[in-house]
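The next part holds the structures, each set out as structure tokens.
First chain A sits with chain B, and in the next complex the same chain sits with chain C.
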Partner chain A sequence: MIVQIALRNLWASKMRTLLVGGIVYFGALLLTFGNSFLDTIDQNMERSIVNAISGHFQLSQEGAKDKFELFSMDGGSEKDFGQINDFKKVRELVEALPNVRAVIPMGFNFAVVTTGNLLDRRLSDLRDSVKTDDTHKTQVTLEVVRRLVDSLKQEEKTAEAITDSKRKAAAEEDTQNLDLAAKDAFWNQFVRGDGWKEKALDALEFLENKIARLMPGEGLVWMMYLGTDIERFRSNFDRFEKVDGELVPPGRRGILFNKRFYEEQLKNKTARRLDDIKERIDLGTKFDDCEDCAQFIKLNIGQARSIAAQLDDDSEAAVRKGLAAAVGEIPVDPKDPKFDETLALLKVFFNMNGQNFLERYKLFYDVIAPHILLHSVNIGDTFVLKSFGKGGYVRSVPVKVYGTFRFQGLDKSPITGAFNLVDMTSFRELYGLVTPESLAELDEMKKDAGIKDVTAENAEDALFGEESDLVAAGEAKAFEGMKENSLEQARTQYAETIADRAYTQEEIDSGLVINAAVLLKDARLSEATGKEMEATLSSVGLGIKVTGWRDASGIVGIMIMLFNVVLVAATFIFTLVSLIIVNNALMMSTLQRTGEIGTMRAVGASQGVIRRMIGLEAVLLALIFGGAGVVTAVALLAAFSGGFPVVSDFMQFLAGGTVFIPKLTVSALLIGVGFTLFSGIFSTIYPTWIATRITPREAMARQD
Partner chain B sequence: MNFRTFITTMALMFLPVVASALTQAEVDAIIKGVDERQRNSGDWKSQVYIEQKETDKTDVVYDAVIYRRDANDALIILFVAPKAEAGKGYLRIDNNLWFYDPRVGKWERRTERERIGGTGSNRQDFDESRLAEEYDATFVKEDTLGKYAANVMDLKAKAGVDVAYPSLKMWTDKVTGNMLKRQELAASGKLMRTTFYPKWKKAFSQSKGSDVWYPEEIRVFDEIEKGNRTTVLIRQVDFNTLPTNIFTKAWLESKSR
Partner chain C sequence: MQPNPSSPGSSADGIVVVKDVEKSYPLGEIMVHAVRGVSFSIQKGEFSALAGPSGSGKTTILNMIGCVDTPSKGEIIIAGQNTSGLKDKELTKLRLFKVGFIFQTFNLVPVLTAYQNVEFPLLLQKNVPKAERERRVNMYLEKVGLKDKMMHRPNELSGGQRQRVAIARALVTEPAIVLADEPTANLDSQTGQEILDLMSSLNENDGTTFIFSTHDHNVISRAHKVLWLVDGRLADPKGRIA
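Entry: the complex of A and B
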């Protein structure tokens, strides 16, 4: 009976029902959908961090100068997180815990990659080929070098006009050097014959010292690297995936570049710009509406000479043949004695538009890219990694580039895409770890030198005091500059004992690390496992701190926390506002029905009947519309199960990949249903209280 | 105080300053003297020890051999110890500063600001003194450093000259003319390094026909990373003529082949 009256009342006041119900409907819909959306982001970020870099926990030195964090506002370059001196013991203790899957050693730092300018690199190749008597490589590289030198000469003509007068003498010398290098006689020094190698090496010195410095440099590239046990990192972080080349063989020294870093920082700029345009088109940008694309095309045309100068005779022929069909006939300018047909062809080729871009993009990689230096450092190269060690000194270690890798679904993430992987042994050397043997050698050298330490504060007194003696007699005489064999021996010893051998697992584990990632078998038991880990490590007094991945993630952890705060605050505010509106609407409606309620009371309806009727109206309203809102949210999430393509790099990190798929989460469903029920119950309290206070006399008095 | 007394008092106050101020010609002569005393007309070879200290950190030490041919502005710094560094070296030729690492077998360009071996020393600490060629000097004041009386001068880099520091403040010993202290400043005027030269030696050079002075000990204090300090010892010198082809990449490579 009361249910019927409540339903009748709802139906009778359609506008009121729709208005109040609509608020409940959208509230339930938004809370269920929105929370699912944000929960999915939170889960994705967790997966992005935990399964790629951080693990579920991070271990680091307790009481270190700075709080440990994987991602810092300043990149962490100035931070001192201390060190874990006995990683092996830590690993043994923690991996003995039943829920721990693996403990991975780590250490982060920054390095500088310098590769010199294009001519420097080609001259370095030429030097190698001359030294190794590689006739074919010498010939091919020589052709490229000569083109690069010629290109300098071409550009030098225009620079001459704006040369500063104070640099006139230097500029004139440069001109003379370029003129000399433009003559065939100069290049004949590379022709094989009696004593050709000495002549070639002399000519190389000339090119390296007098000419190559005239070519603009490519600048420094800063690189973040993560020193780790690459083999165990690969097998335990399931987002890791090799892309190019090969994995660093177990125990060997080497580097794997992050594909994102490799493509964005070390790639030829012309190629990189074409990639940028292609990525924008793939994401739906129209070429003709893209201002950046037009600028990139302009730059590529302007820098066509740097591509042309990299081609030897054979590759030039191959490029001209490969591009001929796409570009068509290039009219030769008979009046220009310096007309370069290949350069003209490339300029036309790089003048791309919306119609031909995709075709020419493919042609670039099929025809041109195989003949140029596509990256500053090639896979298979050994290059010098320079980094500031713990003492603040620059240390350098040669490392071989084995390949590239990516974190699946996080290709574009600026956070995970910044890490390059270096073997633990190289990391320790760059960090400045001194072995007992090295320390003994250094102590011997210091003892031999016998320097008295003087600090800046007491320098003047200590160095120029009464006991000082400014002048002494010396003697110039021939001395044993070095033991000639010792350098060779030292190098061989370094290669055999340090650089060119496989390290055992025992060696990789033995020694210091900065931090370590702990991966669990069951993440749901992380709280208990964390406590177990803390108890185990503190019982042996190793001074190791256990940090959950959120805290350890630093700036990213803060970002995730902020997301959660925003989520909770938004939910709270929305719920509160919704409840006030619903409550107010029901109250107004109750007051409008004073006569009706008074009449009901006059014909014998008790306060309880009125309370139930009004309450039931509100509950039914909430259940019907709130339920519909939750169902709509679930339907919407099902409809979006294919996901949204994610455009920006940062969004890819939030989405955990290139496609964002919002998923219904239990918590979001509970919040949606909870809101529905709560709004139903809460909204009835005040209106029913008002309704039950209405008496027949009061109702009649109001009607009068 | 009448006018005459005032003038007399002022004259007496400023007399010592006026009397001790050096003329520009004298300043230029001191700077040229610093260069000239260290100049050797022929080649130069020395054995040096470099030690860098930083609070609570492991010291960095090197033994190195320096080869110089000042006529060509050519310089080689070849590290011979410790073992891990042996064979690495710098070659300066034609305004290029190259670094060679035999473990990679490659050459890299470095700048004039390169910290040699990652220590607080730079290329100019090991090279021929060319102050008169690279800087314009002005007199600042007289001063004392411990028991030594010194002239203090400001030096500004000449236009178009590539030097590690565009501005210097220099103390020279009044008696011997040797450099005692040097403050090196960035273009902004920020003090970057303070260097002391507490021990000088002189040895006869056949090619010059007179003595060549060299600092036996150089103490460099980093003014940015306070506490970082580098000491360079020149332990032996040899003024004999070096082989003709020594200042080449091929020669340095051959040392560790």
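Entry: the complex of A and C
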């Protein structure tokens, strides 16, 4: 009967039931769906971080000056996280734990990628071809170099018109040099004949020293790199995926560029801008509505000269033929004796619009890209990585580019997309950590230079004592080698030596690392494994700190934590507000039924019966509507199982990929059901309290 | 039994015994003395009326007899049980088993049918088997002439029909006394008369004890015993304090 009264009451007051039920329904729906949505984001972020970079735990030196974090605002370059002195031992100890899958050595730092400008690189090619007597290559490269110098001359003319008198004076020498380089006589030095090579190399030096610096450079590119055991990194972080080129062979030194970094920072600007427009169109932006696209097109038209300048005669012919159909006939300007038809054609070509963009984008890559330098560092190149070491000095290490990689689904992530992978040995050298080569090299240098090890106590005597022969011997021997070998040769030799060498696992592991990532077999047991790891490491007194991935993630960890706080706060506020509304509505309803409740009391209903009746009404209301809300949320999540496409970089990081698929999580389901039950129980407290205070007298006084 | 409108009765063995009862309550800063030292008794099977003008204390006395209110002083004995000092739980039980209520405004549970309204007190008693409940509900609905309307809800019934349902609900537990607070006040004279006839016949045929509070002369004239009240005291029919 009480159930019936409760149900009938709910039915009898349809508007109230719908209003209160609607709130409960919406609350349960929102909390289940919303929490699933946010939980999925949280899980995705966790997966993005754990399976790409951090592992489940990070090991670092205990008591280091700065708190260890993977993603600090300054990349950690200014921070001192200490070092793990005996990585090999740490790895052996930790990997012996049953739930540990792998321990990966690591170290982060910034480097500068200096690749020189376009002219620098072409001049380097020219020098090689002159040295090797490669006639064809010399001819082809020379054409490009001369075009680049001509383009500089053209730009200089434009600049002159707007330059003030002071700067004009300063640029006078440059102008004279450019004038010299513009003359046919200058280029005749490259014509084969007696002693041509010497003349050519002199001319090259002039171009390298006086002209190349006038060409706007690509600028210095800052790069964040992660020194690691690349082979083990690749096989243990399951989000890693090779994109271009090849993997660094096991044990070899080398670098793998992050595809995002490679495309955004090292790619030809014109090509990058076209990619950017294409990506926007692919994501649904209309070309004509895209203000940035119009700006990019304008910039690309302005860059036509730098593209034209990279083409030799053969490639110029190929480009003109390839673009002719798309661009149509270019009217020749009869008034301009130096009319450059290729430049005019490229300018028309780059003036793209919504109708022809996709066709011309394809043409760019099919026809133009094969003839220009698409990236400032090519796969297979060896380039010099410069980085501030631990001691604050700039250190340089030549590294070979083997290929590019990406973290699956995180191609555009600004966080994981920033890391490039460098082998552990190069990292140690760049960071200032001692490697077997540098030790051997140092010994060799000591021997050659006659340097002896001197103890601190005897230092004064050994250096300044009357009997000392140390200084004189050192001075004599120190520069002997330098006379015969140029610096350049020494560099080349060094690069070749280290590129060819394969390091054993023993060598990679034996040495210092800054930190290490620990990957688990079963992440659910991470708490227990963390404790086990701490106990194991502290028992041998290695001074290693174990940090969970959230704490170790620094700024990202804080972001995820804030995200969770917002999530909990939003859930709490929403629950509170809806409970207040539900409670208030039920209280009003109870007060409206004072007479009825009083009558029931008068005819013999106890306070318990009244409490059960009102309580049951609220509970039934909550169960029916809350249950419907939870079911709707589950159905909605099932309906969205195909996922939503995600546009922005940050959203892709949150989504853990280009498509966001919200999934029903157990915690969200529990929150939804919990809210339903809680709203049912909590919202009965006050109304039932009021109801049980109603006396039978109220029935006697009732006037309806 | 012949009506004896002026005698309050004083037998201590009545079904209802009211002894020196006083009821006072504060109203703002002043103390209202609603009932001042009233004593009387009602015998089993009597058809009695508490009569008097508004504010004379008749509803207050009725409430105290119905265990809805408690006296400030004195004692009330219902079917041999002294109600003084009883807790809410015990008073509730007394109401459920010994007292039936008929209200001026019928006070049916709007979401229940006529049948369910009548059945409700039996369900509260818990120990009445289903078959017995059905028998009694059907019997009392038949007695009040509403067997054919048993599945109707209150809003589908007329005022008179609702009061009949209320009478059936008051009788279904077969209480020692039935209290009726101005039972005809919200009915037209014709329907009021019919309701009085019904209660009178139930009294005569089944021996049910009825106590009314009323100022309606038609009701007073039908009562076996009339207790006149003026300013919270018993009086004679002319309004003189006894």
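The working rule: the second predicted complex is superposed on the first by the 620 of 704 C-alpha atoms of A that agree within 3 Å, B and C clash if a C-alpha of one lies under 4 Å from a C-alpha of the other, contacts with A are read in each partner's own complex, and residues count from 1 in each chain.
Criterion: a residue touches a chain if its C-beta (ideal position, glycine included) is under 8 Å from a C-beta of that chain, and two chains touch if they have at least 3 such contacts.
Keep in mind the model is a prediction, meaning the values are calculated, not measured.
Novice: After the superposition on A, what does A:Glu596 contact: first (chain B), second (chain C), both or neither?
Specialist: Second partner only.
Novice: Which of the two, chain B or chain C, is in touch with more residues of chain A?
Specialist: After superposing on chain A, more of chain A is contacted by B.
Novice: Does the superposition put A:Gly245 against chain B (first), chain C (second), both, or neither?
Specialist: In the superposition, A:Gly245 touches no partner, neither chain B nor chain C.
Novice: For A:Gly643 in the superposed arrangement: first (chain B), second (chain C), both or neither?
Specialist: The answer is neither, since A:Gly643 touches no partner chain.
Novice: Touch test for A:Gln607: chain B only (first), chain C only (second), both, or neither?
Specialist: Touch status of A:Gln607: second partner only.
Novice: Is A:Pro696 in contact with chain B, with chain C, with both, or with neither (first, second, both, neither)?
Specialist: It touches chain C, and chain B stays clear.
Novice: Let me test your reading of the model: by the given contact rule, A:Gly548 touches which partner, first (chain B), second (chain C), both or neither?
Specialist: Neither partner.
Novice: Touching chain B in the complex: which residues of chain A?
Specialist: Against chain B, the touching part of chain A is residues 114, 116, 120, 124, 127-128, 164, 166-167, 170, 201, 204-205, 208-210, 213, 217, 382-384, 390-396, 398, 432, 434, 438-439, 441-442, 445-446, 449, 451, 453-456, 459-461, 463-466, 468-479, 481-484, 486-488, 490-491, 493-495, 498-499.
Novice: Going by the contact rule at the top, pick out the chain B residues touching chain A in the complex.
Specialist: Touching chain A from chain B are residues 45, 47, 49, 51-54, 57-61, 63, 65, 78, 80-84, 86-87, 93-96, 98, 101-109, 115, 118-119, 145-148, 159-160, 173, 176, 178, 180-181, 194, 196, 198-205, 212, 214, 216, 219, 221, 225-229, 231, 233, 235-240, 248-250, 255-257.
Novice: Which bits of chain A are touching chain C when the two form their complex?
Specialist: On the chain A side, the touching residues are 1, 4-5, 8-9, 11-12, 595-596, 598-607, 609, 695-697, 699-700, 702-704.
Novice: Please output the residues of chain C touching chain A within their complex, sorted ascending.
Specialist: 59, 62-63, 66, 68-69, 88-89, 92-93, 95-97, 100-101, 103, 105, 107-112, 116, 119-121, 123-125, 169-170, 173, 181
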